[in-house]
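Input: one structure, supplied below.
A, B and C are the chain letters, set down in written order, and residue numbers restart from 1 in every chain.
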Amino acid sequence: MRWAWIALALALLAYPLVFTSPFYQDAGALVLLAAISASAWNVVGGYAGQISVGHAMFYGAGAYLPLLLHQHWHLPPILGVPLAIAVSLALALVVGFPTFRLQGHYFSMATLAVAELIRIVVSNWELLGAAIGLQGPAVSKNWWDLTFRSAVPYYYIFLAVLALLLYVTWHMQESRLGYYLRAIRSGERAARSLGVPVRRYKLFALMLSATFTSLAGSLYAFKTGFVDPESGLGILVSVQMIIIAALGGTGTLLGPLLGAVILVPLQTTTNTLFGGGGAGLTFIVYGGIIVLIARFEPGGLLELWHRLTAPRTRRAPAPRHAA
Amino acid sequence: MLLSAEKVTKRFAGFTAVAEADLMVEEGEIVGLIGPNGAGKSTFFNCVAGDLTPTSGRIRFAGVDVTHAPAEAHARLGIGRTFQVPATFEEMTILDNVMVGAYLRHHGWRAARAKALQVLEMTGLKDQAELRAKSLGTPGRKRLEIARVLASEPRLMLLDEALAGLTPSEIQRAIALVRDIHKLGITIVIVEHIMEVILTLAQRVLVFNQGRVIASGKPQEVIDDPAVIEAYLGRGHGRAARQP
Amino acid sequence: MILLQVIVGGLLLGAVYALLSSGLTLIWGMMNFINFAHGEFVMIGMYVAFVIVVALGVGPGIFGLAAAIGLFILGVAIYFALIRAVMRGPMLAQILSTFGLALLLRYTAFWIFTPNFRTLPQTSLTGTINLGGILLNVAQLAAGLVAAALTLALHLLLTRTAIGSQLLAVAEDRQAAMLMGIRPDRMQALAWGLSAASAGIAGALMAISYPFSPAVGETFALTAFVVVTLGGFGSVPGALLAGLLVGLIQALSAYYFGPVYKDVIVYGLFVALLWLRPQGLLGTA
């Protein structure tokens, strides 16, 4: 299997060098960005099985804080990145700490409520640009502005962050944290009976997820140089993470990347084909896809592939007792 | 005294499931809990395991008061349990299921895996290690649950109807496994309906009825106790049993 | 005086929130399932009223009934087409199913009706009346009273009728209910129908006085979540009490802090509730 990984890595590294038109390079960067936030969501939503529908709060924090530092206090936006992560971790605790000892629905409802609460507050707060939003550096004066004219530097930065996130996820997967999270997702009561400190591990997962989601938001702000309540904190930000992870396969390492590779170009295409109305159609389709995934194949495309290609397993024979 | 449950009472909104039940278990014993359906055995069991908090009473394990401790804490102290309806991690492999148990005492992947494989060997599941748990039938799942909790190296194992629904030959195999576990030095409390199992395995038996412990003693004594017969079969039979 | 008016207005809207949420809490109590598309049921109720009024020019009684029947059918259909299947699946599927459904319904409504806010044409419920010095909008008064009555009716249906006790039996213990000859499937479908219908009527009632757009579903869903949590798992009387309270808090927030923050305060209350008393007013820890 080693060769498959190497091939993938090479393909990703070579992409902008092969497809040299700015349109394709930009598209590639967007795919990677979507893969980062979906992979980050996947840590808590896929692996731990705690469905957040308000992850935009972390993304928005990551996008707003660097631009806030720049626009109001003329500080290097990059300083906003760790600040945003700190804010996101605080939000994760506020939302997760009370709800992780209750049934799963409470957590989901709370994420929706808090994300919406923040969006309304930000929309009405002058300091944060209210409905208009915030802007980043127009021209690049220093390296830390991270304002590039070409999409290629962004592409490689995003690729590096994605690689880091996937490495961290992979490492977690094979560790006690990963096993415990899967156990929590499969059966909390049984997990507890085996000594798994359920609330603590759910919080770990959420905080890890929030960190990388915040980072994704920051990367978005650096690339587009702009954020407003819709693009940073809107429900569709949360929806996109969920659908990309779910389509590819939640709880798998490469599912979110697969989902991003499929959906981001699709979304760009429908937007171009149908113009403004296309956005509306896209979300009808998204809703439909989520329902279909939930109804027929919650494991996403990777699970579907696994089911179609795995050998038919007979019912296991009665276990022999070792005499 | 490894486990001492004193005057444990559990009430649910006006309904008393368990009333002042006592259970003392010495290290190394095998104790059976029997009683008709709805007698409160499972509720009592869940209190000892930490799934439920008693309304009143006290539970001490290895000198520690665990009455209000959560289930995770019970497990860490050394109380392991299986579930009446097997709660295996369906989508995980059999090996991974057992590893979750092993991770309680072994923090690294390699050590947990080695422990899990060892337990799978002992319980006869090694050949199916890479299959998903959901591919097992009920007897397999029950066996997997036992393996999983065994990997967490408990001092006390609570088996909740682990032998229900098995064929006679499977029952024999399961009894042998329970004996092997006991030989490892693990104390066992077993809830069971199948009299044969209780008579064969348990050194001592408690009988529950309507939330109370109505009899306790050696298996044979308890089975002949008129109060017990009455609990299972009704008034007339009890009276009949009392006739000299 | 103004304050008293604000309070009464808040309680009347709160009664509508109670009706809206009672269906959600019924489903939660019965099936341990939170319907993330519940807000969209309310929104659809508003648009059913709209379409009926525009097409047929009838009064509130008719379009209210239309909303009830239409949503009842939708609720049952959704149960059989989607919910029944995902109930057997993992939590991810359960939560995503209604979340996806909410998006589907919301954006289809956007597409059909555009994002513009609309209002219903004048109905027979116009004007204001003066109750002891308080000026009340007739439509809002009627909506509040009808909503309160319907919520109580739902409660009585559940606790005093044969079919209600069957529904509660399934909620209490599915297996036992089956042994008694009750069909859980049918009862659950009925519950979905009732849940959607009550949301739809609430929507129609609100449409009389307030402008609406396809976007309002999300806000109603969150309001319902707060009411249901505050009122306690599965409790319709709890939902009534909590609905009134939430309506009141919202009205007072708007009065003291401005209309922008009326929802923010309620959502903030929700978070505080989760920290301090997640079982709600009437629940036990």
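Throughout what follows, contacts are C-beta pairs under 8 Å (C-beta built on N, C-alpha and C of every residue); 3 or more make two chains touch, one makes a residue touch a chain.
A quick note: this is a predicted structure, and the numbers were derived from the prediction, not measured.
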#### Entry: Chain located farthest away, centre of chain A as origin (C-alpha)
B
### Query
Max contacts between which two chains?
A-C
### Query
chain B to chain C: how many Å between their CA centres?
45
### Query
So, what's the distance in Å between the C-alpha centres of chain C and chain A?
32
## Note on the structure
As the complex stands, chain A meets chain B at residues 174-176, 179-180, 182-183, 186-187, 189-198, 313, 315-316, 318-322
### Query
Can you name the residues of chain C that touch chain A in the complex?
28, 32-34, 36, 82, 85-86, 89-97, 99-108, 110-111, 218, 221-222, 225-226, 229, 260-261, 263-264, 267-268, 270-271, 274-275, 278
### Task
Quick one: which bits of chain A touch chain C in the complex? Just the residue numbers, please.
45-46, 49, 51, 53, 94-95, 97-99, 102-106, 108-110, 112-114, 116-117, 120-121, 124, 185, 235, 239, 242, 246, 250, 277, 280-281, 283-284, 286-295, 298
### Query
Once bound in the complex, which stretches of chain B touch chain A?
49-51, 70-72, 75-76, 80-81, 83, 87-92, 96, 99-101, 103-104, 107, 109, 112, 121-125, 128, 131-132, 135-137, 139-140, 143, 148-149, 152, 170, 173, 176-177
